[in-house]
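Structures follow.
Both complexes below contain chain A, partnered by chain B and then by chain C.
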Partner chain A sequence: MVDRVSVGVAAFLAVSAVAATAYAQQKDAAQEGIEAYREALQDGNPAELYEATGEELWKTPAGPKKASLEQCDLGLGPGVVKGAYARLPRHFQDTDRVQDLESRLLTCMEALQGKDPKPYVEAAFTAPPKEEMIALAAYVSGQSKGDPIAVTPKHPKEQAMYDLGKRMFYYQGGPYDFSCATCHGQEGTRIRLQDLPYIPGTKGAAAGWGSWPAYRVSAGQMWSMQWRLNDCFRQQRFPEPVYTSDATIALSMFMAANASGETMKTPGIKR
Partner chain B sequence: MKHAMKPAAFLAALLLAGPALAQTKAAPSWGPGADDAAFTRMLAASFKDKGIARIDRLTQDETQAFCSDPEAAASPNAAETRQRIEAANMATVKWPSDGKWLGDWKEGEKIAQSGRGNTWTDKPGEPNGGNCYNCHQISPAEISYGTIGPSLLQYGALRGGDEETMKAAWAKIYNAKSLNACSNMPRAGHMGILAETQIKHLMALLFDPASPVNVKTGPVK
Partner chain C sequence: MGNPMKIRASAKDGVTEIKILMSHEMETGQRKDANGTVIPAWFINEITAKLDGKTVMQAQWGPSISKNPYLAFKVKGGKAGDKVSVTWVDNRGDTRTDEAAVT
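And now, the complex of A and B:
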């Protein structure tokens, strides 16, 4: 998978080096350059390669049960992928949990394929088990591209998850006293030259939630929302969030519900 | 899915922080689904130690607990608590041991540029950066600056360098919460992020007449 992607991506990286130079020279020029670059990539987001890999993983029998994921219920019934990502996170009857895409994928991999989720939870984001998760997330999220985000907490556990996400968003800790809100709680601010989405608002929440998973040009990597959140917490100087833990799902619920009604633009592309 | 259980001691530590959490209980900004018990359970099950970033970083001091409900913290009812928290943070400020405020602005510029330190990918024992440009405009030559904090262009030129001004700037860097209880700015000295010498270098970046911060600039292009 990595080889296929790196071949496809080499050309884009060359373009990004040019964009990066402009970035250092003048901020307005940099901003324009990035916008133009994003536009130029609209028909050629390298994320498409991950989507293709993810689709193959979805449809290929694997695990002790030699089954594919095609009967996985992502909330719209077994096997329905189209539009499912735009309606996550949500409460699932069978697990009695509120789940985001990645935790739900683990449930399906365990139930349908007989796989042990543990190595998937514990692997580094750059290790093969996580590459599978990220490719699957790219595929499933691509099947909601252009759909309206439709997440309205109704089930009591969904409402509780939203509440927990809101409280988590404002929770300060660590040596720098940072919370999510330190960077994402005011409108129109940035870190260095990076614009920061205002997560409590609809537009800002959509700019964040609605564009991950995304291909990161500077890193040459495809990142899922779980990876995005993990690196936020790293920069926040927090301890590491457990993959698909409730704190990450709660924040996802907070973002998704705040973004509801806006358009899903997944998989996205970032600098 | 099985998440590693956290030591009971950690949970106990979080619950001990309870009295501070309880202060904002009167009108929390979140719904009942995130009461103290549910939230504490979630935190304990969701994070793990990694490198130097241990789970004890989730245990809040009074300032962090108070500021974690920004609506409540900003309400008129909380004015007295804000003042008390500011005073408590002011009391932590250690003034320069040799009475000298300013170090070398060139070193200060390097510290201001660096954002390294204290993440789980950082190694212990290396000096931390100040993260200053992440949020502030400082030297005019650096156009890659953030806007969460105010611009510091012409900082010393505009304010002069009398004792009171120096003291306020030192206090702000050493412990930003001494002047504004819920400032977004980290408490660089109090939390051990920057050493005294590093703070002096940053002070020089702000106040030294030779520092680019204070160089006269032409009309804004």
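And now, the complex of A and C:
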């Protein structure tokens, strides 16, 4: 009698093992299909068009001071663009602030070109001033493509920013009682066909941080990291953050530091 | 006069692969703006590619092609150094031509 029961249990286990394998194979096939589609998209990424626009904006004199951004210090010294994006956000002596790329660009536009940053901060993401910011971000990020992400919070302000970012990541609230971690706090999950990167882990953080700015095929739009983050707040039904505010830089710092050591794949391409 | 295209062309074993990325809004004429006004159709309707002065590909396009279109095709012949020239014309009569060398 006992034997029969154990045989039955063993048979049941065997059947469920087969079912689980079949399910895994099916999932793998779907995954392969998605990956093939993504690979096909990589060829001829329209982000290249925005990179070209950004490069022109970077090199063309503009603003009341009729200066270009070529002397902008993105952290590796004035005028060094190559590899700069992979090392942001970081603390800057001159502003005594931890800055991401877009906030640093605003600093340079104000200091070198004499432009007022306010219209750039307040404009909608689809309005011309933001289009300039996004094109510049596409260009600068493209100059770090293939570089290892190297962001380690050392300065006290960088560490404080990282801790704030971590708290924000797990902070749950709003009408949907949501946190960033609701979607990005578990491994191996997805929404419809979109893999949800596990942001506290290195690979997941790199999948997120290392692939923005990106061109979104479905919308035909180039998105910067700031736009991406703004949309995360919107999806959680949180109040939208001010462009380049510390809230967005803290989350950027949390992601960048977690992704450290992985490869920058910017500008990316998304569905 | 639109924004520049990105053209890449490479020759291998007597076959040249040409890849073109165009910058264009490609409005379908089906969309409405925030005020409910129809956004007029605006799309590339003619595209010509030449390899060393000889037309190798011609296409007529409609509004169903995506924004910022990407086009890739292979042609027999061609060698490194040959000139690829691509021209598009849109339904507003605007046109743009860009060139690149085969690698």
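Just so it is clear, the second predicted complex is superposed on the first by the 235 of 271 C-alpha atoms of A that agree within 3 Å, B and C clash if a C-alpha of one lies under 4 Å from a C-alpha of the other, contacts with A are read in each partner's own complex, and residues count from 1 in each chain.
Here is the rule we use: a contact is a pair of C-beta atoms (placed from the backbone, for glycine too) under 8 Å apart; a residue touches a chain by one contact, two chains touch by 3 or more.
Computed from a prediction, not measured in an experiment: that's the story for all the values here.
Undergrad: Identify the partner contact of A:Ala250: answer first if only chain B is touched, second if only chain C is, both if each is, neither if none is.
TA: Touch status of A:Ala250: first partner only.
Undergrad: Touch test for A:Leu49: chain B only (first), chain C only (second), both, or neither?
TA: Touch status of A:Leu49: second partner only.
Undergrad: Tell me the contact category for A:Gly220 with respect to chain B and chain C: first, second, both or neither.
TA: In the superposition, A:Gly220 contacts chain C only.
Undergrad: Quick one: chain B or chain C, who's touching more of chain A?
TA: Residues of chain A touched, chain B against chain C: more for B.
Undergrad: When the two structures are overlaid on chain A, which partner does A:Glu240 contact: first (chain B), second (chain C), both, or neither?
TA: Only chain B; A:Glu240 stays clear of chain C.
Undergrad: Following superposition on chain A, which residues of chain A contact chain B and also contact chain C?
TA: none
Undergrad: What residues of chain A sit close enough to touch chain C in their complex?
TA: 43-44, 46, 48-49, 52-53, 217, 220
Undergrad: If you look only at chain A, which of its residues touch chain B in the complex?
TA: Chain A residues touching chain B: 23-24, 26-27, 103, 106-107, 110, 117-118, 121, 156, 159-164, 166-168, 170-179, 181-183, 185-186, 188-194, 196, 234-235, 237-242, 244-248, 250.
Undergrad: Quick one: in the complex, what on chain C touches chain A?
TA: 3-4, 6, 19, 21, 23, 66-68, 70, 72
Undergrad: Which residues of chain B touch chain A once you look at their complex with the stated criterion?
TA: Residues 1-4, 28-34, 38-39, 42-43, 45-50, 53-55, 57-60, 63-65, 67-70, 118-121, 131, 133-135, 143-148, 177, 184, 186-187, 191-193 of chain B touch chain A in their complex.
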